[in-house]
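Both of the next two complexes hold subunit A, though its partner changes from subunit B to subunit C.
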Partner chain A sequence: MAVETAEGVGALVEEKYRTCPETGLRVYAQAETLIKANAVVAIVFLAVGGFFGLLVALTRWPAVHILPAEWFYLVLTAHGAAVLLFWIIFFEIAILYFASAVLLNCRLATPRFAWLAFALMVLGALVATVAVLQGESSVMFTSYVPMKAAPHFYLGLILFAVGALIGCFVFFGTLVIAKEEATYEGSIPLVTFGALTAAIIAIFTIASGAIILIPTFLWSIGYISEIDSLTYKLVWWGMGHSSQQINVSAHVAVWYLIAALVLGAKPLSEKVSRTAFLLYILFLQLACAHHMLAEPGISAEWKVFNTSYAMYLAVLGSMIHGMSIPGAIESAQRRHGFNRGMFEWLRKAPWGNPAFAGMFLSLIMFGFLGGISGVVLGTEQINLLMHNTLYVPGHFHATVVAGTTLAFMAVTYLVVPLIFRKEIIWKGLAKWQPYLFGIGVAGTSLFMMGAGTLGVSRRHWDMGFTDAPVSFDYPGTAYLMMGLNGVFAVLATIGGLLYVLIVVGSVFFGKPRTAEAIAASPTIPAGAAKVAASYGSEEHPKLPGTLVLVTIFFVSFVLYYFINWKFLSEVWPLS
Partner chain B sequence: MAEEAQGAPAGGRPVRVPVMQRLLDNPFLLLFLGVVVPTVFYLIWGIVEVANIPIAQ
Partner chain C sequence: MAVQSPENKLWWNEPIGRAEMAWITIAFLWGLIMFGAMIYWHIEGEQNLSNEAYRIKPEVFAAKAEDMVAKYTVRDEGDTGIPVVHPPPGSDVYLISRLWEWWPILELEKDQSYRLHLSSMDWQHGFSLQPTNINIQVHPNYDLVLTMTPNETGEFGIVCNEFCGVGHHTMLGKIYVVDK
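Let's look at the complex of A and B:
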């Protein structure tokens, strides 16, 4: 393939690019290298953090109980930081660069700043990880004051956040350049719009993080005498929760991307999908308030406005995506002739393609497990049933692991051949990887939620309370659930390890995607890249199957929601 | 600007772009909204709530 040189209008830099033989898109060298660097570091943190997750789950398996108490909290802190911050956010920066530079056919704005961002993020992540491993910073993911970590723990997080912020600005800068240089027509593609949503939420997230972490850092070195614990919690969750909404926006964008690239699926309606993202931009971040539902000092008006009235508008956004993506897939499949009956389109979907399988599993599990449990947890009254129990990690492993992580894994199966230009090794095993990981994570989510419903607390080393002055017995089922949680955690770990091995193996030892290899087995069907990289809706969509799926979803949702109100009514019997 | 991007016929009357599309095509306006809404309803209102809790004597 030819390597050409483009002179940006008004830009002094000359940048190299290649024209991708599979997608026809221009891929600039700097953008490509930055995408690779961020993705590789992300995967390293996933490997490390996933191992910590396994240790946590094995400790919470009463029959195994592998770590001693101090180690448990240390490893739990390291697990949360490595996966939820470092794995996810490095990968998201790669997605931002992909969705701007690659999909818009444009050079990346200020690649030097992008490298600075990368360096700060790597440095910050390492410093914070070292601080946790040194043992003086076992403050867990939320690091609530007055628990105090070592100063370099906060410093590491601040450096990491500054780097990520610069990455977001590079994304915005690239949007500006692409518009000025008219590298695309009309509106930006939907996938880029989803990435824009993620970047916007990221900026609010990082601003909240700065407001709270900088004073906390100063407090840890003695410049500030006290941080009010309730204010800390409030502002911290402005970061802690919003960052989950970056994940949602990013993985929804990835769902649209995979549906477009694998099946050529166009959104049912660009307008409706973009409006759904707009609902995210306006309302999703208000849901931070669900972390404050159990705080006595704050009014019910604030809680209910932020977690119900406004928040349900954002849930509406998710439901729109949840319907429009399977709908787009159904329409595309019917266009390809899979028209028999209600579900031929689904049965004949490319289940052996790990990009598609991972994406669809992610969509289903995010909706059914993560979405429904999230609305239940976010309702002021029924939140009391599960607050601070294992139900909470059960819920967010469904959203952020089965949802986001699995979606990011799925898209990697396209990134490796298209961006790294390497064949996937172990194709047979790769087919199974999303199922192993998905089923493992679904199990851990469900069993943690089950144990939480029985009252088992989160972040707790010994559910047997063996040396506590007051004894307490959980029901036998709770112990069973924690054992099953451990078993499924092992399954998830095998799936996760397989992902890491396949991706690292392919990147370093995979056969290059030569022109012959591409001709023999194209990664994506012809024309699919055009769908992902341009504006356009499906014409005359037909989606009876999707309507059935959506109905099943609503019925499950309503039933489960009301079951929880019934549970609540039984907590304080009135007779 | 947005009109050009929508491909207004050369020399003809500029095509009127609907308000909603102008909003969706303007990343910086979206950024502004996405930061202001949660800052007002969640952060500022929340801090007012916390500040109004009486201090124990």
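Let's look at the complex of A and C:
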């Protein structure tokens, strides 16, 4: 493969690049190495955090109850930090560099700063993890004051956030360079646009984090005497919930990316898809209200407006993507000739390709499990039924694990051949990986939501209250749910472990992608490339299958929503 | 492909397909309905979290609770030494949350309303009334006042569902609801 040198206009920067034999894109060496480094560290944290998650699920399985109480709370804190923060954000930084430098044919802005970002993130993640493992910082991911963690717990998180912030600015800088050096024509691609929304939300997120974590750090070392618990929560969730919105933007961008590369899918309408991303920036950050619905001292007006993202405009964004992505896939498949009946396009989709299978499962589970439960949970009054019960982790495992993590796993099956330029090992097992993980996570989400509906508390070591002065018994069904949650968590762990082994194995021991290998199994199928030869919005194709899918979704949504109002109407009157 | 720049540079002028437009309209209207539902429930619904809250020092709140306990204790709960308090209907009822107990145990009358005060002496706690399933966050330095009307008799557990340290899972309280 030819390695050439390009001279940056103006700055006289020399950068090495290669031309990707599969996509024709220029891939700059620095960008490529940084994508690899961030992705590898992400996967290390996924492995560690996933293991912690298994221990949590096994402890909450009443018949197994594997960890003692102190260890349970420690491991639960470590689980949240390792996967929700470190795995996802390292991977997102890799996505930002990919969506800017690679997709725009451009060199990465200030690679040295990108390395600084990487170093700070690694350092911060390690410091925070060590703080948790030392046992003095079992404060849960949310670290609500006045419960106090060791100072270096907060310091680690701050360092990590500063690193991520620098990473975002490297991404913005790359967009500027690409524009100045005219490495693309017209508007940035939709996937890059999605990544851009993620990065903008990230700035808001990290700013909120700084505003609350820096004073909390000073409080932990004694420079500030008191932090108001309600203010802490409000600002902390400006970070905590918004960071989940980064995930939504990023994984929706990944859905578009996979649909494009594997099937040649074009968005139904550029305008609609981009507007939907824009709605995320405008309204998602209001979602910190979701965490304040059961709090004292905040008015109902504030809660109603903010929890609904200003009348559900951000939910609208997700519902738009929820139609436009399957619609794009249906349309691409129909062009491939899968025109028979309502669903031939779906039946004959590449279900054996883990990139596609993971992406589609992620889409369905994010919408049906995560999306619907999120809206219900975020309804001001219905929240009283679910606040701090297992329903909450049930919901966000559907969004962040079945949605984001599975989407990121899926895209790895493209990143390994295209960026690491290695063959995927164990192709037979790789086919099954997204199903194992996806079904495992869907199970844990559903059973946690079920247990939460029955009132079982989250973050709780003993649902039998053995050591309490008085007694209370949850119904037997709740115990059954927790057992099933454990079983499905084991299934998800097998899927997750398989992912880590396949990816690490492929990266270090996989065969290189030679020209013959590429010809034999192209990452981007010839059909997809042909369909996408001219790019732009689809021209209003007929999409009967997608219409049926969104109708099923809508009916489920409406029914489940009103069932919960019915539940609420039966509890003790409150005012 | 979505990984390239759109060929039509004026993509924002392209018309939107009928099916997509219909879906956007439905989703938007559904959002308005859900938004309206929350407002409607404030007018017609019976389960709304109170807006009434005050700043309060833990010791002040504790004194009020102790005062109530001194006046209205009817018995102790078994051999636990925890007082069971039967306050008059309509009165102010104080429930202390602290590491790791809900204090005292309350005995309320069915279909009577009480002004329940919730506050924490130390860290945050979660008031989780089971099995009826009402869940409210409890903060230190804030006194949340809500009017609660038990509509069924029986024994109810108060689980703490906000993590509050290593004894969190032993923090369990109780409310009895009896016929008048």
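A few notes on this one:
The working rule: the second predicted complex is superposed on the first by the 559 of 575 C-alpha atoms of A that agree within 3 Å, B and C clash if a C-alpha of one lies under 4 Å from a C-alpha of the other, contacts with A are read in each partner's own complex, and residues count from 1 in each chain.
We adopt the following convention: contacts are C-beta pairs under 8 Å (C-beta built on N, C-alpha and C of every residue); 3 or more make two chains touch, one makes a residue touch a chain.
From a predicted model like this one, the values you see are computed outputs, not experimental measurements.
Of the two partner chains, subunit C is the only one that A:472 touches; subunit B does not reach it.
Within the superposed three-chain model, A:269 lies in touch with subunit C and out of touch with subunit B [touch as defined at top]. In the superposition on chain A, A:230 contacts both subunit B and subunit C. Residue by residue along subunit A, subunit B and subunit C are tallied for touches, and C comes out ahead.
In the superposition on chain A, A:157 contacts neither subunit B nor subunit C. Of the two partner chains placed by the overlay, only subunit B lies in contact with A:179; subunit C stays clear of it. Judged by the touch definition given at the top, the superposed model places A:73 against subunit C, while subunit B stays out of reach. When both complexes are overlaid on chain A, the residue A:207 reaches subunit B alone and has no touch with subunit C. In the superposition on chain A, contact is made by A:299 with both subunit B and subunit C. Contacts of A:489 after superposition on the shared chain: neither subunit B nor subunit C is touched. Once both structures are placed on chain A, subunit A residues 185-188, 228, 230, 271, 297, 299 are touched by subunit B and, in the other complex, by subunit C. Of all residues in subunit B, only 1, 5-7, 20-21, 23-25, 27-28, 30-31, 33-35, 37-39, 41-43, 45-47, 49-50, 53 touch subunit A in the complex they form.
Those residues of subunit C that touch subunit A in the complex are listed here as 1-9, 11-12, 14-20, 23-24, 26-28, 30-32, 34-35, 37-39, 41-42, 45-51, 53, 77, 80, 82, 101, 105, 118, 122-124, 126, 128-144, 146-152, 157, 159-166, 168-174.
For subunit A in complex with subunit B, the residues that touch the partner chain are 172, 175, 179, 182, 185-188, 193, 196-197, 200-201, 203-204, 207-208, 228, 230-231, 234-235, 238, 242, 271, 274-275, 278, 281-283, 285-286, 288-289, 292, 297-299, 302, 305-306, 310. The touching residues of subunit A, counted against subunit C in their complex, run 23, 69-70, 73, 103, 138-140, 144, 146-147, 184-191, 228-230, 256-257, 259-261, 264-272, 293-297, 299-300, 304, 307-308, 311-313, 315-316, 319-320, 323-324, 327-328, 375, 379-381, 383-389, 453-455, 457-462, 465, 467-472, 474-475, 528, 532, 534-538, 540-541, 543, 546-547, 550, 554, 557-558, 561, 565, 568-569, 571-575.
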